[in-house]
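Paired with subunit B in one complex and with subunit C in the other, subunit A is shared by the two complexes that follow.
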Partner chain A sequence: MATTRILEWLGRLYIWLLLAFLYLPIIIMALMSFNVSPFYQLPFEWTTEWYGSLWQNDQLIAATRNSIEIAIITTVICVVLGSAASLALFRYEFRGKKFLQALLFPPIAIPWLITGTAMLIFFFGVGIGRGLFAILLGHVALALPYVIVVVSARLQTFAPELEEAARSLGANQWQVTRRVTLPWIMPGVIAGGLFAFAVSFDQFVVSYFLATPGQTTLPVEIYAAIRKGFTPEINAVSTIIIVVSMALMLLTARFFKFGGEK
Partner chain B sequence: MAVQGAVASRSGLRSALPLLAPAYLWLTVAIFLPLSAMVFFSFMTDLPLSGKAWAFTLGNYAAFFSQSLYLTLLLASLRLGLEVTLWCIVIGYPAAYVLAKVLKGRSREAIFLLVILPFWSNGLVRIFSWAMVLREGGILDTALNAVLPFKINIDLMYSYPAVIIGLVHSYVPYMVLTCYLTLQAIDDSLIEAGRSLGATRLQVLKRVIIPLSMPGLVAGAALIFVPVVGSFMEPRILGGRTGTFYGTVIEDQFVAVFNWPLGAALSFILLAVVLVILAIASPVLRRAT
Partner chain C sequence: MAGVQVSNVSRSFGAHKALDDVSIDFADGGFYALLGPSGSGKTTLLRQIAGFDFPDSGRISIGGESVERVPVEKRRIGMVFQNYALFPNMSVADNVAFGLSVRGEAKVVIATEVQRALDLVQLGTLGARRPHQLSGGQRQRVALARAIVTKPRVLLLDEPLGALDKALRVDMQIELKRIQREIGITTIFVTHDQEEALTMSDRVGILRDGRLVQEGPPEEIYDRPKTEFAATFLGDANIFRGDSTGNGIRLPDGTAIEAGAGPTLAAGAKASCAVRPERIGIATDTGAPDTTNDNVLKGQVSKRIFAGNNSTYFVERAGQTLKVIVQNTGADRLAEGQEVVLRWSPESTVLLPAG
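== the complex of A and B ==
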């Protein structure tokens, strides 16, 4: 018994060490964004100067606006197309359904480097070229499978008899969908939408290959700045990004259980 | 229900198509056609744009096999993927075990969320945050020198270990997540039965727990190995001059050298390697589901 207690205690300690490993760099980055020294010199002196100078940086602001706009449009398109596809995959039986479901995995499993360069080649070849529209095309395609998977998972808990009942009470297909099915899958749709937003907002690799100097997103801009040299402004904007994306995921977790626990 | 099911199945595709078409059309235009185009381009001498002359060639693939540099870099990337995956197993599996079998109730839920949360935050920014920790005169250096009585210099920045640390930090939540899901599904009574039959803790771990959680380990390993082999941003930021890998060479072909056909060939070779790895992993995964 004593050994069990000690082992359990060691286990807990271990988890906290892992959490320290995961969070310390992020916390340090956040702290340094409030430090006076632009070269991250200690001792620490408090300032909000870098956040202030963010507002003077037109390039960063434009990139941020692009990122937010693309993420919102991606979310809307993915939620609509993804929910429709999930419903079809759930409701109907037809040949080739397994194949269509399997097709959702290449976009998730293939490294973004390959997908991104392939998009660059193809979009160039067909005349779409690079820029914000190409980035949007890519983001939707990357996020769509996630939305379909999440909404489909929610649909698994749905009882088709409910649709039958509504239909037998005289509701037409649209009414059944709007009044019965959609309310039930709403948590999945919201979680899927938040996923889509996060995938788009955090996406770097694919955006990087599709961006042009004038039409770029925030992560691409940050990468360029990091490679040019460190600036505390990048610290500040990175801190904002990480807070936003973590808040988004906490929100998603309210609608979607990751652990699969009932 | 059975009769209706049959009816539904006959008219199934016709009813499903309008709902499915937009999503799959989008995936086709933005994923499947580009991947096909990439294969096509990899056999060309030049881009068929702006009236440039082009012809079919095997030269891009010949370049891969004739210049040992590319093969060396591919092997280096595979080794990087292997090392990062191993570290993720070593670090992530025990954590998943503690989460699934030691912690209970609300604290388990909260800590689980905390572990997988960073994984959904911006990967680029997290890699960047390590730059601040690892550089000389950075936080690690300063902190250790403040504690230790003797002077040491920690300058891990722009080194192979820095790349490993950054990548493990990025991907270890994946391993915790997949292992946790399979470990959680193991019935506690199996473990108790093994123990009461006289097996030691280590024997239970070796004979019961690890075999039953194998699908989670394999899934996690595949999910980590594949993107790490194709990584380029992490080695660039944390590896500096030592951070030349297969991924960074592909990046160069597209953004610096502008030899797209060669880049396409290199990408396609990577894709083939990735598909082989996923194919090897899939029987184990299918057995799990």
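== the complex of A and C ==
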């Protein structure tokens, strides 16, 4: 009995240590974004000054707007292309299908540094060069496999007889997709979209390679700012990003259930 | 409503011949069972009639109209799937309404027709439920209502009762038959369950390895099978193999078995005889048997299985195990190990070509 209780206690301690390890740096940063001292001096004195000056920082705001816009456009493109690709892979048998499916996974595993270098060279080679459009293309390429993987996983739980049943009742391809297949895969589509948004919004390496001084994204801008000299504004913007990212991830967890029933 | 004609339909998947020159005439308003073991091509045939797949050669017509290249959504058929395939994101009523809705029928018409279909399958009050809130039997009824609400020309059922437990299955057999009679729709029913085929259908087609083995009313196939396969697949049968004597066979040990039915076969050719277990009389061995008209064999009871209303005796005879089913009349039961005489009339014996 006593041993069980000790084990239980140790287990709980372990979880708390793990959570502390994950969240302590973030919490400290968030707290410091509300501290008067720019040099992490204690005692803690409450202020929203840094959030105020963040508002005055045009460069940071422009970069934030770029990041959000690129993330949204990336999400829309990836969700449409990715869902369509998943449906095609699910419905049709064609030559080289297995090979194509296998090719979808390596981009997820290849280090972003290498992908970024390759994209930079390629975009220069074909005349696209650097800038926001190049960043958008890069983000779509990075996020697309995630959407396909997530939507395909959801499709694995879809019974093909449902499409056959719909067709036997006179529904054409579009009606089948819209009224039977899409409602079923919607949780996967939403989860895939949130993944795509997160991949794009958090993306640093590829964006850094493809950004130009005027056309940059928030993570790249933060990195540049830190190199020039640390300011508590960075804490403030980081805190905002963390809140938004965590909200997104919680939404993802809500919608994304591999093989789960509704 | 319409009859369905399948003429010389063949379909191969790679080297595998799933259907090999199959022709069947499904009469208008009839209830037809396609019976066969798995891999016999019965489901492939149903999918050809439905339009999910097209034949390599041959013709299929529904109501006199050639449809072998018409896709399923344009064939005006109703289909019930093995696992029902109800749309999980829709209510029962929306499931049933689907076929009318994709056709663009008016909302008022849809509501009336859906209610009528649900009433027909006795689920009139469950329209608002979701499929996962229903029992297996209820899902089955929803699937049926959904398939018939569009007034299809033919109703196709792919092992629709396979997922139900035994008691419910018997109920649904009766129910399905009632609904089919009520709306008078041509119905084609795929099953591997011989009992289902016997009890429900007007006609049965037995398939094996993509070929139609025999086709006809269930009584005819049961009483007059044309092959050993048909005899053993639809019901139980004792098969004797030997040389044809013209109107029967001679077993290797010289015993003659006279057959009252079957084709005329050249004497001396390899042939077999089929006898149903319930047609054989069994009695204790009381000396010299009277062989006036009947076929008579001696054997020894090796096993008895008591099933309440009847008993099945397994009788060993010249290395062959014969099966005899005896109604429970309260008469003396035979013990295992007992010497017995089996006796049955030539009319109960069907001569079959070898193979």
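Heads up, the rule we're going with is that the second predicted complex is superposed on the first by the 253 of 262 C-alpha atoms of A that agree within 3 Å, B and C clash if a C-alpha of one lies under 4 Å from a C-alpha of the other, contacts with A are read in each partner's own complex, and residues count from 1 in each chain.
Methods note: contacts are C-beta pairs under 8 Å (C-beta built on N, C-alpha and C of every residue); 3 or more make two chains touch, one makes a residue touch a chain.
Predicted model only: the values in this text are computed from it and were never measured.
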- Item | Which superposed partner A:A118 touches (first subunit B, second subunit C, both, neither) | first
- Task: Give the label of whichever partner, subunit B or subunit C, reaches more residues of subunit A.
- Result: B
- Task: May I ask you to decide whether A:F44 touches subunit B, subunit C, both, or neither, giving the answer as first, second, both or neither?
- Result: neither
- Please work out whether A:A165 is in contact with subunit B alone, subunit C alone, both, or neither, and reply first, second, both or neither. second
- If you stack the two complexes on chain A, which partner ends up touching A:G138: first (subunit B), second (subunit C), both, or neither? first
- Message: Contacts for A:L18 in the overlay, against subunit B (first) and subunit C (second): which applies, first, second, both or neither?
- Response: first
- Item | Shared contact residues on subunit A - subunit B and subunit C | 164
- Contact residues on subunit A for subunit B in the complex? 8, 11-12, 14-15, 18-19, 21-26, 28-29, 32, 39-42, 77, 81-82, 84-85, 87-89, 91-96, 100, 103-104, 106-107, 109-115, 117-125, 137-138, 140-141, 144-145, 148, 164, 198, 201-202, 204-205, 208-209, 219, 222-223, 226-227, 230, 234-235, 238, 241-242, 245-246, 248-250, 252-253, 258-261
- Contacting residues of subunit B [partner subunit A, same complex]: 4-5, 8-9, 12-13, 15-17, 19-20, 22-24, 26-27, 29-35, 37-38, 41, 47-49, 91, 94-95, 97-99, 102-103, 109, 111-118, 120-126, 128-133, 137-139, 142, 169, 172-173, 176-177, 180-181, 184, 226-227, 229-233, 236-237, 247, 250-251, 254-255, 260, 263-264, 267, 270-271, 274, 278
- Of subunit A, residues touching subunit C in the complex: 159, 161-162, 164-172, 175, 179-180, 183-184, 262
- Note on the structure: Per the touch rule, the subunit C residues reaching subunit A in their complex are 50, 52, 71-74, 76-79, 81-83, 85-89, 98-99, 102-103, 146-147, 150, 156
